[in-house]
Structures are given as C-alpha cells and as structure tokens.
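Multiple structures follow.
Below, chain A partners chain B and then partners chain C, in two separate complexes.
And then the complex of A and B:
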C-alpha cells in the first residue's frame, strides 16, 4: 500500500525473505498458504447493533453495525440499504495520516463493501418495509486500529462477524406507518463471504501478507468466496501485472483457504 | 420523488436480458462485442490523445508528459511518476453526476494507473511526471476498460516508451450465462461484471476486478473470454495506431456489430 511506502524493510531481511520463499518458507515460519492467527471477539461495543474486534496477526480492526430506517434508493425501491465503510485511523500506524480518506482507504472500503454486497450476504429484500418509502438501512463502519498488513481481509472478517451477530429491532407496519417493536431479531444473513488476499513476492504467491511482506510485494489480489465456494468479488492491486495462470491459482487457493476461515468465523459468531 | 422510483421500477423490471435463442437485448450473441471506434491523435494541445466510442461510451484520453513534477516532493529519482485521473462528465449518465470526483472515480483512477504503469517504461523518464486524463463524456457500461484502451493509445501517441499496449474488456454473467462486454443495462440488471485489462503480447493481466457470484468454472470462462476479446480489440488498437502514423490523417477504425 502506498501509505506504507515509507515502511522500510532492511535489504538483508528482504533478501532473506526472498531466499526463504524460494524454498517455500516465510520469515515468520508460516506456510505460503497459511494465514496468521485470526482472533474474533464479538459484541465489543454494546451500543452498536453488532460489533466485532478482529486481529489477524498484529493487524487489528473494529467493526460496528448501526441499523436505522431510511428511504430506499430510487433504483431499488423494494430493497434495504447496506453501506460498508472503513477508515484507517491515524493512530493505526506511524505512516497513517489524519485528514480526508486516502486513495488506499477508499479502495479498502470499496473492496470490503463489494465482497459483502456481491456475495448477497444480507438478504436486502427482507430489509424492505414499505417499498419505495421506508426500508431498513444497515451501516457497517470499520476502524483500522493497528496496521500490520492485509487490511483487506481483517476488515472483511470484522464486517462479516459484526453482521452475523448483529441484532435489530423488529419493525411492524401499522396504518401504513412503520413502528419499531421491542423485539430484537438477527440481520437476515444468507451466506458467509470470506476474503483471501494473496501477495506476490518475487515469483511466489503468499496468503495473508504482513506489513514487511506487503512492503516487498509487487502485486496483490483479493478474492472473496461464498458458502458454496463461488467467487463473488475480486480486486487486483499494485502497479504490476499478474499472469492468467496465477489468477486461476489464486482463485483455487482462495477457495481452499476461505473454507477454513469461514468455519472459524462461523464458530466465533454462533 | 415518487415518480422517480416508479419509473425506475419499470426500468428495473425483470425483463429478459437474453432470449431463448441466446440473443441479447441489443441483438448480440453471448460472446460478441459492441461496435468499437478508435481514433488516435485527436487533441491539439495534448502530447498524445485517443478517442474511443464503444457501444454508447464516448471517452477521450489525453496524455501530457514527460514533464516536470509539481509539487517537487513527489519526484521519483529513478522513474517517472504516472498520474491518472478517470472522471465522468456530469452529463455522461442519466441523472446528473456531481462533478467532484466520487469515491468510485478515485478507486477507478487507481486501478487504471496500476494497469498502465507496468506497460510504461517509467525507468526511461526519471524525475518526470506523465499525466493521463481519462474523461468519460458518455457512459454505457465498461467505461473503465474503454478508458484504459484509449489511455494506452494516447500514451503510445505521445511517443512514450512502452513494453506493450494495454487493452481492456469486461465480461460477466447474465443468470448463469457468461457474456462478453456488458452494456449499461446488462451491467445494472445482470448478475456479474468482470473488467479485465491485459498486455496482449506479454500475456500479463494488469487489471482484474470481479463482482457477481461465479462458480469456479464460470469464473475461468469469463476471465478467459475477457482475455480473448481483449486480444481482438488489440488488433483494432494496432490498426488505429497504424493509421495515425502511416495513414496520413487520423482515421477511424470501425468494427461492425457482431463482426468477429
């Protein structure tokens, strides 16, 4: 990430990284397709409708869900509203800055949103109350608290965990008016999308790059899969290219790794 | 406001995007492109420029540089700084678009830049800036890949050293059917969009974005179709450049609808 362009990896360390990779090994002793330890804590913000703190190695993200009623978009009058946003806090890294969102922060928010939206994780039809007039709006905001690489996956896992555990008021319609009841119901979740980011260092593909690996990569690709192992979102990043063979290889790795992470997210958000 | 969404509901109704004979709303088969016109060297002031009409897309790309870098602290000591802006004119879409760059445009500018940089020999121009401006005058689905296709021609027109041209094509899904080159309606009402940009001679992929739900098989099919179609458009790019530099006046390359 260009925000991390000032992040310095010592030349000798980078050389060692590349040398190890040639033998299928990584500096932190992970296998090439092994993500870092994932920890998920839910309900960390009681004032939010749902929340999660996710740590992926030393990368830490907190996601909070807020749910309210709103006016639907004109082109989807019978569907609810879902908005996923992400912010890289200035406290998260010595290289982060306050101010308007950087290109990286915008890409992070949009790629995270795309994975959730395109997988149809939330059944938007079920969020409609009075078509064209009132629907349920679900806002998921993410705060990146600490940066150690792979914000894409950590943020996505935080959003998914927060949504899976979120509770919203049950709304009823009386005399063409929407009324909130005291009953709490879960958000209509249909699938559990899992994002897997793969970086290329030299000619090797590694899953879940940490900060020093990101500083040494020339290309990354994020692929999101759903419960059925279907691919529902992807984004190639960084100013370098990928070969068609590597795209297909990355797709297979994402499906495989995604399956294991999905089981872990489901377990943590039961 | 009420009128607005009623109209939208009509437009967004479950009309069939592809009929039982596999023919799409605009008469194309699943693997056909919309008509594409390319013109190189169309702007007076720019160092390089190209104009593309692709379906109803009308997009102008202009290149300035290599030139001095301002502000100076952005200088890269060993290579050129490639700046890229993808922008949609307020009148380019059905509802007026706010002219300020949206988050979508900022992201697209980033992915276009990341698709173009690998093709430019940036090491040949240290301490300079190369600016690529992509202006969408009318938008009709697939504007980022059309923009890349024009931008790489504009870079070539500016005489900037390149490893290859960059050409884009978007493929996607209508239901479970993989289709090439989605138009605006298919993009909005279809089931998936996958813009891909390639360097055809080097066999490299510079841009890949996916949305929609693809089985592993459909993912590969759509991805490989996008590459195949990109190679077809590459031939049109070459022809447009040839006419620009060896055919006198800038001329138009046109491919009739459905021509393969």
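And then the complex of A and C:
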C-alpha cells in the first residue's frame, strides 16, 4: 500500500527479514504460507442488520450491514443492489490521514467489493421485489480500526462474516406495493468467498503480510476463491511484475489457505 | 542508605510538604509538591522524584538516543527518535564546517532506514530537537536486533550504576545499546540475542518488582556464557 510506503523498515531489520526468508522463515516465526491468527466476533453493532469485528494479528476491521429498499440500476432491473465501502480511520495508523478517502481506502473498498460481487455470494436475483421499480439494497460499510498490514483480507473476512449473520425484514408485495413485515430472514448467501493476499519479498511469496512485510514487498496479489475453490476475483498491486509461474503458485496457495479460513468463518458465523 | 519512601500518585496529589529538590513531572506550590503524572513518587531525604508509569519520550539535551533515519534532504537527516518530535541531524555536524550540498553526498553516510546512535545537541519546544554524532560510540549501528520498550522503563533496563545491563551482557555475551528514548539494540550470537531480548521483556513487564535483578538473574540461568 502506498500509505505503508511512508513506514520505513530499519535497514538491519530488513536484512534479517531477507536472510530468514531465504531459509523459508519469517520475522514473526510464521511459515511462508501461514496467515496470522484470525478472530471473528459477530453482532457487535446491535442496531445494524449485521455486523462483525475481525482481527487478523493486530489488524482490526469492523463491518456493518444496512439493508433497505431502493430503486434498481437501469441495466439490472431485476437484481438487488450491493455496495461495499471501506474507510481507514485516522486513529488506525500514524500514516492514515483524515479527509477524503485515500487511494488506499478506495482500492481496499473496490477489491473487497469485487470479491463479494464476483463470487456471487449474495443471490441478487432473490433481492428483487418489483422488477424495475423496487429491490432490496444491501450496504456494507467497513471501518479499519487498526493497521498492521493486509487490510484486504481482514476487511473481506469482516464483510463476509457480517453478511452471513445479517438479518433483514421480509418484504411482501400487496397491491403492487412493497410492505415490510416483522419477520426477520437471513440474507440469501450462496457461497463464502475468501480473499488471500500474497506478497513477494525478494523472490519469496508470503501469505498475509504484516505492516513490516508490506513496507518491504515489491509486489502483492490478492486472490478470492469461492466454496468450490474457483478463483472469482484478483488484484495485483505495487510496481513490480509477476511471472506466470508465480501467479499459478499464488493461486494454489490462496485456494489451500482459503479453505482453512473459510471453515473458520463458517464456524464463527453459524 | 537513606530512608526511601515510595508512593503511587495521580496528577494533583501532594507528594510531599517541606523543602526538597525536585525533578520532572513535579510542580511546587508554596511548600507543597504536586504530582503531574500517574506514577510512583520517591521521597528521599532532601529530594523527590516521580517516575511516570507510562508516557512518550520527551527529548532532553545531552540524552543519548537511538533513532531511525526516515528522510534525507539537502541539509541533513530527519531521524525518528520514537518521540512526538522528529530529530534533525544537520549535515554540517557530520561532514564538518566545509559542508556543501553540492560536494557532499548525504546518502553515502546514512541512508533511509539506517539506525544511528546519536546525542540530543539541543532542544526547545518551539523547534525540533537537533542531534549530533560527535563523540565516541555514536553513528551508524550496523547489526543487531531492535527492541522497543517504554521510555519510562529505560532506567530499570540500565539498573543501578548499570547493574542490570551488565548482568544481561555478562550472561548472554551480547552488546546492548540503550537509548533514553526506549530503543534498545542487542547484538551478539543468535542464541544470546534471544536470551537478552527475553530478559529485557521481563524487565519491562516486571518493572515494579522489588528484587528485579535476581529475578532476571534467575531467568537468564546460572553460568555466564561470556565472550562468544
């Protein structure tokens, strides 16, 4: 992240990191393909339709879901609306600033949104009430509370967990009008997308980079997979290039790591 | 040994009444001495001291600090000294009086990311602290493990007349540099570094333990490793 470019890794620390990586080790004693400890807490915002607080190591993200009715987009008259937004709070890092969303916050929101959207996690067809007139709109807002690298994955897990536990009002159609009932039903969730970010430092690929590793990486790739292990979205960042072999290697790792994380998310959002 | 009285205080507490010499974080009102921080007040025979439980590093002239170069410009280096102020090391302090931005290459001396041992040359609150590397033992630190501790705990790491730091050095064979700003660099054999870092973390956690030094001694194990 360009925000983390402001963070200077000490020369001697970076030398240690590179030396350890050459032996397949990391500064925090993780294996190259081992993500940090993931903790998921749901229902943290009582007034939201759904919410989750996720910590991935020291990175912390809160997501909230708001569900209302709205007018569909003209090109998808029979589909619901899904919007994922993310903000990096100024308190979360010495390098985050208040004001309009930074480049990083915009990329974060778009990459997270893409993972949820392209995996077809939420069945948008089921969110249609009166085609062309009224549909259900799902808004997910994320706030990054603490930055210690890999905001992409932490935010994605928070959104997925919040959506999996979200409850919305059941709407009925009476005389061509939409009416809300008191009955609460879950959001139609079809799959559980899991995003896995992999950074390259030197010639090594590491899963779930922390802030130090992000400040030292020359390339990163975020790959989202669905329940069947299909890749549904990806984003490559930073200036350096990636070889076709590394793309395949990263894809394999993200499917493997994603499987374990998916099981954890499902367990936490039962 | 004079009677030492120790007491926990919060801001506004009257630490003592009478006539004493007093250090930082204490204010005198008439004959009352008032604490300005949450911490432990030490009342000696003719002196009172307050060590805050926590807090940022506030630069003081002649403090030895360990900093990280975060920027290089035409006139010097901007150094992160783990404080709310960035230190500035002017190029003329390093290259001498005949320094000129046209002829001297600052990056050849210190690069962004380098760790340097420096001394605070001068500091007043209206300007960033000025650093200097003149003197023995200052300058770039080439290797070692960086450990950050709370700046308020630096005196405990050093110990009475350097007792703690000497003990850790003796038992692990590591060279330990402690900056007043809470940055510690430990250098030695890989096993020695692991032990020394553990000992430093122990000191940090158990700062208020009564017989800290024997606790650390116990944790480090009996025999001296020495000179590896």
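Heads up, the rule we're going with is that the second predicted complex is superposed on the first by the 270 of 270 C-alpha atoms of A that agree within 3 Å, B and C clash if a C-alpha of one lies under 4 Å from a C-alpha of the other, contacts with A are read in each partner's own complex, and residues count from 1 in each chain.
Everything below uses one rule, namely that a contact is a pair of C-beta atoms (placed from the backbone, for glycine too) under 8 Å apart; a residue touches a chain by one contact, two chains touch by 3 or more.
Only a predicted model underlies this, so the values are computations on that prediction, with no experimental measurement involved.
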| item | value |
| --- | --- |
| Partner chain in contact with A:233 - chain B first, chain C second, else both or neither | first |
| First (chain B), second (chain C), both or neither touched by A:120 | first |
| Partner chain in contact with A:72 - chain B first, chain C second, else both or neither | first |
| Chain A: partner with more touched residues, chain B or chain C | B |
| First, second, both or neither for A:103, with chain B first and chain C second | first |
| Touched partner set for A:11, first chain B, second chain C, both or neither | second |
| Footprint overlap on chain A, comparing chain B with chain C | none |
| In the complex, chain B residues that touch chain A | 1-2, 4-6, 8-9, 11-12, 103-104, 106-107, 109-111, 113-114, 117-118, 188, 192, 194, 199, 202-216, 219-220, 223-224, 227 |
| Residue numbers on chain A that touch chain B, as the complex places them | 72, 74-78, 101, 103, 106-107, 109-110, 114, 117-120, 132, 221, 223, 226, 228-244, 247-248, 251-252, 255 |
| Interfacial residue positions of chain C with respect to chain A in the complex | 68-70, 80, 111-115, 141-146 |
| In the complex with chain C, residue positions of chain A that touch it | 8-16 |
